[in-house]
Each structure stands twice: as structure tokens, then as C-alpha cells.
Amino acid sequence: MRSFSGRDILSLKDFDRHEYFRVFEIAERLEPYARDRRNGDLLKEKTLVTAFYQPSTRTRLATEAAMHRLGGHVTGFSDAKMTRAGDFYQEGIQDTVKMLEYYGDVIAMRHFQQGAPHEAAMHSSVPVINCGDGWGEHPTQILTDTFTIWRQRGTLDGLTWVMIGDMRMRTMHSLSYALSKFDSKVYVIAPDEMYFLPEFEKEARDMGFNFTRKEHIEQVIGEADIVYMEPVVQPDYTKSREEVKDDKGRTPPNYQVTKKLLFEKAKSDAIVLHSLPRQDELSQDVDNTRFQRYWVEAYNGVLVRMSLLALILGAME
Amino acid sequence: MRSFSGRDILSLKDFDRHEYFRVFEIAERLEPYARDRRNGDLLKEKTLVTAFYQPSTRTRLATEAAMHRLGGHVTGFSDAKMTRAGDFYQEGIQDTVKMLEYYGDVIAMRHFQQGAPHEAAMHSSVPVINCGDGWGEHPTQILTDTFTIWRQRGTLDGLTWVMIGDMRMRTMHSLSYALSKFDSKVYVIAPDEMYFLPEFEKEARDMGFNFTRKEHIEQVIGEADIVYMEPVVQPDYTKSREEVKDDKGRTPPNYQVTKKLLFEKAKSDAIVLHSLPRQDELSQDVDNTRFQRYWVEAYNGVLVRMSLLALILGAME
Amino acid sequence: MRSFSGRDILSLKDFDRHEYFRVFEIAERLEPYARDRRNGDLLKEKTLVTAFYQPSTRTRLATEAAMHRLGGHVTGFSDAKMTRAGDFYQEGIQDTVKMLEYYGDVIAMRHFQQGAPHEAAMHSSVPVINCGDGWGEHPTQILTDTFTIWRQRGTLDGLTWVMIGDMRMRTMHSLSYALSKFDSKVYVIAPDEMYFLPEFEKEARDMGFNFTRKEHIEQVIGEADIVYMEPVVQPDYTKSREEVKDDKGRTPPNYQVTKKLLFEKAKSDAIVLHSLPRQDELSQDVDNTRFQRYWVEAYNGVLVRMSLLALILGAME
């Protein structure tokens, strides 16, 4: 296995099976810090630079929280608008990286432009973690998702996944790569205009990502071990939080998961994952069912980032 | 006395006399860190999550500064717009809290919506500190104010307060609850349209908050031990900083405190408090008088937050 | 030499020769932390308050990175809009400082208004570092630039500088003061509308800052030891990053530096400095030439801020 020390985390395309398990194993070894809620000293001598060109709550804070749990320092920016006005948008990635690399020891980057973290990594003397690049990938999210399943099932093989929602999302790309590394049966449910791009589908199938397309969640919910969701509608910014809460009917039932559906048709140990925030595709009445695992993902997300940071900074082998 | 360990700080409605003094006593025991300007290690293993849905300078930085003085870590967001666009505004509090609770060990929340920190606390496995919720309350500010008075007078009993300005403000609500716990004589001076809401007034009076309404500061300034101020006019964003400085006459004299007024009519040991920023209700010529205590409040505000953080995180008993 | 302990860093006007070398010497003594990428403990007991009323990437992050490298804590704001809406813009500097001084042990301030850090320093009980004030000065940037030259050449005397671009920029002001302290030959190349203001030119000349004005970089590039650049055109926000990359012809050739120009006419050990971000005045083909020193400035910028922080906080003598 390649060493993680000094390595960029850009894509799951090149992650092999053993590497997933290595990340998970270290995550569990570091778990006592998170579980007992006490920051340690492992990365006390290190600084994380967050370079978020697009706002994020979960990914940025989970990464920062992981760094803090290991005693590390954090600097950076959480929005491109916090930097020198529009200048920064236009500055070449190389100029930016030739600055950021000296401000810390690892760069966690979210960017509106696909491939930006890859370009950053080419120029950087410190490792770069892709925290979401446009329509590209979101590897740390999928490492969190697969960790959640692995902890529940003890394996990532022999599972049936239903991927439902917008297949053009970066999470869906990284998940496709991940599932191609394991013995996975996959159903894909998406509106035509939100289906995989042909070049992505070809590449993923060539890698061994086999799946069957379906029209409606009801067709396959009975087989699913994991339902993995993304919205198919955009947030409606004309509505208040309260109005949104009562929103009904925006998402067609084909792409919607409700408590009723799960109790009537799902396997008793099926798991529903959603990277959140949600629209009305995932109904709130699922929250207090045995199927729900999206909240524990926040906790698991910290563990996985602790593991990645410790590994790529060479603090764990 | 209930233990502070693990407790939410949401309202002063349920704070009893002894609890104020406990907070003050711990604040003084921790004061050497702030006075000698050296961060300690007491909360080194803990992380504060700041969840500020509305911008704030004083409250957020005082809370962060307190955490740093005790050696702790800080993560979070200082503006809802730093998070995933409008999505986050609309996300249910529960979804948000089921993420934030894993990113640290205490959540300090400011929210534009009254009651949001209370809702957060219902769902959170870590303590929540209300750093101002809409028109609701602002308990840490009033703990700072009462600490400032207590350090000056050695007591919170037997004092005469003049509350002046907009009574609908969250500070005025928390102060009303606080004063109901002590032997306080209170005058209230506010324009009709900025008077307490009837349901608040009834509740506060039922709790023992007795006060007399007056029209003009001149009627009662001679009796005041403490003048507690909030603006009655809004910031005029069409004006520059310099123009604002010379602003005169926006605030009616009924609600205005000047050096002239204080020297001519106030008791020699009267104290003027203002949570700042100010409009022209508090004239700048008061800054260098013996009555002014609003600047030392920044220092006291750090002490009080150090105390609260240490207490609710169980580092002090 | 005056002690640095407790001192404000507001201007280079009053920096004498020996003080530059003191800053540089301490920077090199602290370099192992940056070079070996391990944060130390020197400033562990201290908190830096960043008060950035204008967005900045390089200056803010370099200062924060320096604080982290020395084990310190950081709080503050990176944009005036993160604070209480417009209120804060209008709040007097004194009210603001009478708060910030208690939130940490040194204040690093960028402000859109010239002289704001000086006014802050008047009221502050902790040292203030000017991180750029309007059209005023930018001392820490120029300390970084001169440190870069000093490390390269071993001296700051006997060098020929070409200052090219907008002479009204704060960097150009601080550089003028700096060069007046050393044996410097200086050429200035700027459009008429971007030339020094008469009062600044008079003051600088009176301090011993001698220079000759030229029209075109080609006239003097052969003599230059250092070319110090600022843009003469504004960012074009109607263009994307990619379009900007291919931008040509916005900057007149008089104020432009290219690989061709350098290889054909520059001394073999000439150095090109630019505080970045750039427009098209500095062509990207210079990046991989021996003349380029603007990227190492990010690293040197951290060293210089480490030195300044350690000195003014009294951790180094």
C-alpha cells in the first residue's frame, strides 16, 4: 500500500480497497478523543489551511473540528468573498497555492471549479484535500459514508445500494468510484436531466461500476441495504424556514423517501444516508426511525477527517 | 444550587441569586489569566463552536477570547452567509444541531429568530449558550453588566436602576429578569412604540420585577445608581463614520445622556452602562467621566465568559 | 535601539536601519519552526486579534500563520461585514479599540481609512500592527520585501531599485521610507495620474529618498538590482479567471515586465518583487525564471511576522 504521508486526497478513483480500511482503522484508533470529548496533542505542531472558495458548513467545520481534536491549529478563509474582493477569484491557482503552502501544513480546499484542488496539488509542497470541487468529487464525504456503513455492517462487500437524486453531484461521482472497488449491487434513480454525463458513465462502467437504472424508488426499496440520497430540487429561497418545513410535493415521489415507504417496503436493517442539507426528498418523519444514519455521519465525519489528517501529516502510519 | 456542568445558558429567567454570585466568583478566580495577559490550559482539551447567524463583534469575540484565555480551541461561523448560501437559513435547527454538537463541546449561538438557541439546546448533547436571540434575551451580556456593578458596589441589592431606550431589546428582557432577583428600584423610560410588550410586562411583574415608568431622564437621573441604555434610533447608513460622529438631535433629549446632565444632576457615584455600539443617545463627552463603565465591560465580558465556559464544561465547580 | 516590546508597528517612517536588521535576525532565529513545519510554544500564552475592515488574503493569513507557528491563539474578523452590519463601520475607532484590546494581546489591523491603525494605537493598551491602511502604508509587506532582498544580497546598501506602477499605493509609500534609510539608487516609473502626491514626494525627499523618474521600464531595466511592481490597471471583474489569464495589452509596455525583457536586458542577478495579486503587468512567463522572488515572499512573510510578533510581545529581545 502506498504511504498516506504527504499524499493528496483528491479523488476516490485511485483509492484501493485496503486504503479505505486503513483510513477506517485509524479513525477508530483516534475515536477516543472524539468520544471522550477531549482534544489531544497529536497534531499540535501542525496548521490546517482551509481554502473554501464556496461556503460550506459541514465539510469545513468537520475538518476544522478534526484538527482541533488532535490539538492542531487552523487558519484560512471560509468564503472567497472574504479575500481581496473579486481579485482572488481571478488569481491563478498557482499564485494562490504558492502563498497558502507556507501558511500551514495541509490545505483543505473547496472550489466552485472542477479540478481546482488537483491543480493546486500540482503546485503545492504540502498535501491538498479536496473538500468538494464543482461537479467533480467529494472524497471525504464518501469516506465518511462508507465508514458509517462499514461500522454498521462490518463490510462493504455484498451490499445493495440505491443511489437516488441528482447523479451529476460530486458525491455521486465519488460514491460511484468507491462502489466500483467493492462487491456492490447498485440501482440508480434520477430524472433524465440529472443523469450521469455519458463520459462519466463510460469511465465508471469501465472501472467496474455496474448498475441498473430504475424509475421509481418503490421498484427497488425492498432490496436496498443503503439508500443514498441527493436532492432533485433546488432550495426555494423565496420561502422562510417555516414554510420550507411544511413543503410538500416539490420532489416527485419517485425520488422521495418517507417513513411510510420505509416501514412498508424496506428491509428491516436498511440504512438511509443523506449528506444534508435536504429539501423535501427526505421527509422529516424518517429522523426518528431505525433507518436513519445521516446524523451520526457528523460524528463519523470528524473521525474520518482526524484519520486523514493524521495519516497525511505522517502522525500515524 | 444546580450544578453548572453541562447546563445550557439560555435565559436569565431561571437564574437565581446564588448563581449570579457563583459566576462572578469564578470570574474573579480566573481573572489572573486576563489581567496578566497569559492564556492558560484549563480548557485546552475543549472546543467552542460559535454559531452566529447574525454578525456580532463584541459577543462573539469576547466568547472566543475567553476560550483562548483558557487555552481552548474555537471553530464555527460568524455569519449565516458563510454557510451554504441560503440553504442553511432554511435548514431545520435540529439538522444543524445534529451536526454542530459533534464539532465541539459547547455551542455559542446568536440567531435572528427568538427561541432558536432554546430549540437547539433541546436537540444538542452539548451545552448551548444563548448569545442573543432576536428580540428574546441576551443573558451573557446582562451577566457582564451585573458583574460590573457587583465589582463596583459589592452588592446587587438596594440599587436604583434607570432603564432607558428600546424596552423590546433582548438586553432589556434579560435585565428585567435579573433585577427581579435582587432588591431593585427601577425606572423605565421608553417611547410608547418601544415599550415592553404587554405579555412580557405581565410576566416580568409576576416574577417580581417592579418598576415605574417615566417620561424624561431628567425626572430620575438624580436617583440613579445605574443608567442602563439602549438606542431609540436606528443607525443611519446613509452617513459616514465622520458624519455620524457629529450627529446631533436624532435622539430626543428624553432618552439621551450627556456629560452636562450627569455632572449637573447625577449622584456622584452613578454608573452609565451601554452594550454598544451607540448612536447619539450617549454623548461621547461622557467617555472620560467617572460615570463611564461601558469600556471596562469588554474586559469584564471576557471574565464572565471564561467563568461560564469553565463552569458548564465542568472545569470549575 | 528602542525596545520592540510593546511597540506599535504603524509606519516605516520611524524605523531605523538597525531595527530592520533586528527584525531580520530574529526572523532567521525563528525560521526553524517554519522550515521544519512544526509549531512551537513561544507565544502559546498569547492571542492575536485580527481586525480586518477590508478583505485580505496574504497579509491576514501570513500574520495568523506566524502566530500559529509560535503556538499562539487567533481571534478576530476578516471583513467588516462580518460585524454588526453597517453599525461597526460607523462606530468610532476608540469604542472599537476599547473592546478589542481586551480580546487579545496584539491587534493586527487592516482598514480602508488611512491613519485608522494610528488612531487605534493611541487608544489601545496592546500593540497595534498596521496591516495596510487605505492609501497610507503597509509596513509588514515592505519588511518582508527588504528581508527577501537582504537574504539574497546580504545587504540593503548599494542597490538600484526600479519602482514601477501606481506610486499612490501604500506599499510604495512604505518602500520609499525604507529606501531612504539605505544607500539606494531609485528609479520611479508611473503614469502621471498614479504618481506620488506632491506632499508625499516632498516629505520623502526631505527624508533622503532620492529618485529619478523615467518613462519606460526599458530605459532602466539594465541597471536594476530589484524591480518592485504594483499594477496600473484595475481588475476587470467582467472577466473570468480563464479570460484574465489570457489578458494581454491592458497594461502599457512601459509598466510591464516579461521574461523576454528580463532575459534580453536585465542584470543576471536582478530580482523581481510583486506583492500580488497581479494583473497583466507581470507576465506569467517570469514565474519560472531566476528573477522571480515573489513566491518565496509568502514564506519570508511568515518569518517576518513571527519575528515582529515575538518582538512586540516581548518573547524575544
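A, B and C label the chains in the order they appear, each numbered from 1.
Following the convention adopted for this analysis, contacts are C-beta pairs under 8 Å (C-beta built on N, C-alpha and C of every residue); 3 or more make two chains touch, one makes a residue touch a chain.
Because the structure is predicted, anything quoted here is derived from the model rather than measured.
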(message) Chain contact topology under the given definition, line, ring, star, complete or other?
(response) complete
(message) Under the over-half criterion for shared residue numbers, do copies chain A and chain C use the same patch or different patches to meet?
(response) different
(request) Compute the distance, rounded to whole Å, between the mean C-alpha positions of chain A and chain C. (result) 39
(message) If a residue has to touch 2 or more other chains to count, which residues of chain C qualify?
(response) 82
(request) Could you please specify the touching residues of chain B with respect to chain A in the complex? (result) 44-47, 49, 73, 75-77, 81-92, 94-96, 98-105, 113, 126
(request) Going by the contact rule at the top, pick out the chain C residues touching chain A in the complex. (result) 34, 37-40, 55-58, 61-62, 64-65, 68-69, 74, 78-79, 82, 235, 237, 239-241, 244-245, 276-278, 284, 287, 295, 298-299, 301-302
